[in-house]
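Okay, here's the structure, questions in a sec.
Chain lettering (A, B, C, D and E) follows the sequence in which the chains are written, and residue indices restart at 1 in each chain.
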Amino acid sequence: MDRREPPRTEEGWYVLHDFRTVDWDAWRAAPDRERQRAIEEGIDYLTAHEAVADADAGGSATFSVLGHDADLLVLHLRPSMAHLDTAERRFEATALADFTEQTDSYLSVTEVSGYMSQDYFEGEEVEDTGMARYIESRLKPDIPDMEHVSFYPMDKRRGPEDNWYDLPFDERSDLMSGHGDIGRDYAGDVTQIITGSVGFDDYEWGVTLFADDPAQIKKLLYEMRFDPSSSRYAEFGRFRFGRRFPPEDLGALLAG
Amino acid sequence: MDRREPPRTEEGWYVLHDFRTVDWDAWRAAPDRERQRAIEEGIDYLTAHEAVADADAGGSATFSVLGHDADLLVLHLRPSMAHLDTAERRFEATALADFTEQTDSYLSVTEVSGYMSQDYFEGEEVEDTGMARYIESRLKPDIPDMEHVSFYPMDKRRGPEDNWYDLPFDERSDLMSGHGDIGRDYAGDVTQIITGSVGFDDYEWGVTLFADDPAQIKKLLYEMRFDPSSSRYAEFGRFRFGRRFPPEDLGALLAG
Amino acid sequence: MDRREPPRTEEGWYVLHDFRTVDWDAWRAAPDRERQRAIEEGIDYLTAHEAVADADAGGSATFSVLGHDADLLVLHLRPSMAHLDTAERRFEATALADFTEQTDSYLSVTEVSGYMSQDYFEGEEVEDTGMARYIESRLKPDIPDMEHVSFYPMDKRRGPEDNWYDLPFDERSDLMSGHGDIGRDYAGDVTQIITGSVGFDDYEWGVTLFADDPAQIKKLLYEMRFDPSSSRYAEFGRFRFGRRFPPEDLGALLAG
Amino acid sequence: MDRREPPRTEEGWYVLHDFRTVDWDAWRAAPDRERQRAIEEGIDYLTAHEAVADADAGGSATFSVLGHDADLLVLHLRPSMAHLDTAERRFEATALADFTEQTDSYLSVTEVSGYMSQDYFEGEEVEDTGMARYIESRLKPDIPDMEHVSFYPMDKRRGPEDNWYDLPFDERSDLMSGHGDIGRDYAGDVTQIITGSVGFDDYEWGVTLFADDPAQIKKLLYEMRFDPSSSRYAEFGRFRFGRRFPPEDLGALLAG
Amino acid sequence: MDRREPPRTEEGWYVLHDFRTVDWDAWRAAPDRERQRAIEEGIDYLTAHEAVADADAGGSATFSVLGHDADLLVLHLRPSMAHLDTAERRFEATALADFTEQTDSYLSVTEVSGYMSQDYFEGEEVEDTGMARYIESRLKPDIPDMEHVSFYPMDKRRGPEDNWYDLPFDERSDLMSGHGDIGRDYAGDVTQIITGSVGFDDYEWGVTLFADDPAQIKKLLYEMRFDPSSSRYAEFGRFRFGRRFPPEDLGALLAG
């Protein structure tokens, strides 16, 4: 019953997944002028945030979410929690907010861990600029320009028999490496942003997947489920699925 | 602790189960003209979608749902997520939406897996046109013309002792085959549409059963529960039960 | 890991437990004339359904439910799902519905299983008319004329160690028989209606107990909990408890 | 896999824990006259019930509950379920009810069990009038005159390894006896009312603790958690904590 | 199956975590004068409580909470439950309360336990004034002046294999000591307030962490998760994350 060696981690941008439902009854009942104002202020908000007008760095994107849990997802990546806090409250100051309710959210931070890039963390001079670029791309990722998004939070299991946190470092490292191999088979088809959330939200990680073809997301996750890192050590939360849309299409989206 | 071989899968139409409750207080209080308009727009929406006027292919059907969780189920099968996204939002643009709330939903895609039809997936020339037709009927299914529907989502178990995803391929294949045998005993009485939802919704599969005699659904599922594929490896979500009705009966349905 | 033999079952009447809360704020605020109309239409609905005016056979009864989950339970037994579907929606067409909300429900069907009456199911000529009458009384039960009701749904456990569905038939039959013995000790004091709900609602069975003395229900269930069929194999859902009242007392009940 | 011997039990008064939140927005917005009427009718209701004007025997008490789950707890002990049913509905007939919502409740009955007092249950003549008085004090308890209350429901565990209901009677009796010893160490500081709820509510028991010093409740329960009857066999539900107030202080309480 | 020795504990200030959402729709719709009054009364309330005007001792602080669960956290430490009860209700008497709803809360008390400071509890004269000061600082803590806060409740596990409450005292003491070592590595970066809640709220402890750099909270908790006290014995509840703000910034915060 010894303490296991944790991987070193490095954190980058803070991330807010801001899920909102549309109050369709209010929307249908609203006079045209109010709707128009809501659309204009909504587009202004979304456009400004996608342009990262509120910070030196980061990214934002907007999605139409399928199903009853939410209608919209606004995804924000920013250098600080303060930026996210402000972005969340500024939405509430728009006329669009009159027609939405924030029903779900997830707070996390981009991370790279020492499983993947031990040399980097062991302080060796990173001459390998490929590695440096890779790490930079994980800590300060571009939001992929793909049509669909899938988001879910997850934990690593701490059961009496399958306990991720009680495995030796090398075993965890091997498992993560095998897990990563599957992801690489889908390179180009599915792009992921992995964020850590211990201490920030109810699960340990958030996973955000992007793909043009939704079936590729399903195939990737299904294949991973047969890998021991998932089959024996993963606990999944809720899944949300959406389609990206450019802010200027907000009016068309709300028109049905 | 090796990675297990996943079955290959092929995906077909995307599927939205759209569950809605009726706001009966508002319905009783509404003037006749408003009710009439809601019924007309509702019938128009449902008729157009059942006729698949919005896409080249697919199917839709409408059900009255028993119990407190929902009053209506609108089931949509379409070639793309974009079709489903639009169908869901278009409902909100009808006057009927004033009297309903979307309280539940399920997002998935029809699938066939390599457990059932390995030859097909192994690239052998499918001379067996029966097999080809079978697969087509699973990926692009007709919605059966039967009175009752039962829907539930499910996972395969990943416990420390009973772990579906840690079984060898052949064992899973045998289990699926035995499971399928039970279903075949009910051919003609119960028809099913199996959809995959990994990455799309909270469970791994959705199961939609159709039957004229509700007791046949109960008997089939009860018999399956004694089969190891269910008794040891299935985790079930909520169950919803409904009765199909033609769109033109919407007014009678809402009249009580 | 073989498939176990399921018991044969026979199904009878379909059953809806329709739980509703009273909107007491609206009730207190309503003018006398509206209240009077709600009471009259409520009594008409309940009286007609208790008289089974809507079907050739069945039964209905009304209960005041204690606690915050519900205020009323309307219990319907009918020959078809269509009858239940109509009964549920007809309630919404009454003025009483303005003051209630359907917050819970359970959908099931009366059943007898081959554990209890194997001869019957084995096609032997049932000369034993006592057995025939017993089965008839389970499939088409009279609602007992007793003051109190307790309802709960339940599953049989499918854990890695205690797995009901993985027990041999004879072992399950012995367990059910021992379980039944306890029930028989309470004959006259507690009467039960057992209904199956696989495919219809979230649990596998619904149990509805009737007694004049509430303590007898508690004693019966507590005694059963020490029987292995419960101690090792039962998973219980929520419990609801109520007191029967005749429809004509509805006004007094709502007066506080 | 034999049936275990249940303890015999005797039941006394039925108990309703009636938890309500205050609608503070409505309260602040209400005209003085309405508030005054709500306070008066609230005090009348609480005073009459604490005086048990509605029954031959029993007791009632009122508490301010901390935290978001509830603001008020009205605790009723009465000889019959009918008394509780009436008490619950009569609250809804007061003007105070306009400003509260019943958000939680618990329904149970006082009990003594054969673990504690086997002689009594074995029909031996109870010459020991101390024992008779003890049992009477458990079945028809006075509500202790102490400042704080803690309420929680609980089950005994039925896991594959730790299964209370599968232990021999003597082992359970020893465990209960050891458990009781801890309670006795806190005599005078913490007083408890134990109620059974199998068949009445979602857990098997309700525990209501009273103390002037809240830390004594914490110390008692923490100490018990190291006793096997809790550490291996208890499953706890939600915890609610409140402070008693006399009905005449209702106005001051609502004033903030 | 013997009773294990509990650690002795000493309790200090009672603690209420009062989480509230802002009703943004009402806020946007309110006339300036009402908003101004809400801000003024809100600032008065927060300022007075941060100055502990209502008690002889204690502390309060206010935070903006990220995500959908809450918008504000008001944290109160006070010498008695009565103080917390009053503080909670006084908030409801402010005009700010018109624009907030209490959606979550946690009730607990500061504690030190005999694992950490056995000598102190064993009645040895505490000449070590360092120890005395340390204990005082845990029972009557200053709220750290740091930008971010993370709150979560937790239990120690009582599973059949990993059962904290069934470990010998010395083993628990060693585990707590190792656990504490990790915390000490983050001294200066992360400060914690540990509170006990057995009998007061749904979990056994509340953990409130303070840091200027949010990543330090994540790193600390992630490292602890590999320590057996967490990896094998901890069960975590929900996580909430916020940013401190001075009461006078309330208006700016609500402005978006």
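To be clear about the criterion, a contact is a pair of C-beta atoms (placed from the backbone, for glycine too) under 8 Å apart; a residue touches a chain by one contact, two chains touch by 3 or more.
Because the structure is predicted, anything quoted here is derived from the model rather than measured.
Shared contact partners of chain B and chain C: not a single chain qualifies. To overlay chain C on chain E by their CA atoms, one rotates by 145 degrees, a value rounded to a multiple of 5. Homomeric contact chain A/chain B is classed as different-residue, with under half of its interface positions used by both copies. Measuring from the averaged C-alpha position of chain D to that of chain E gives a distance of 28 Å. Chain centres here are Cα means. That of chain A falls 46 Å from that of chain D.
Shown for chain A are the residues in touch with two or more other chains, namely 160-161. If the chains shown are joined wherever they touch, the resulting network closes on itself as one ring, and no chain has more or fewer than two partners.
The assembly's chains link up in one ring whose order, counted from chain B toward chain C, is B, C, D, E, A.
Residue ranges on chain C touching chain D, taken from their complex, read 22, 24-25, 27-28, 64, 66-69, 148, 150, 152, 159-162, 175, 178, 209, 214-215, 217-223, 225-228, 230-232, 234, 238-239, 241, 243, 253, 255-256. Remark: chain B residues 1-6, 9, 11, 14, 16, 18-19, 81-82, 84-86, 88-93, 95, 97-98, 102-107, 109, 158, 160, 163, 165-166, 196-202, 204 touch chain A in the complex.
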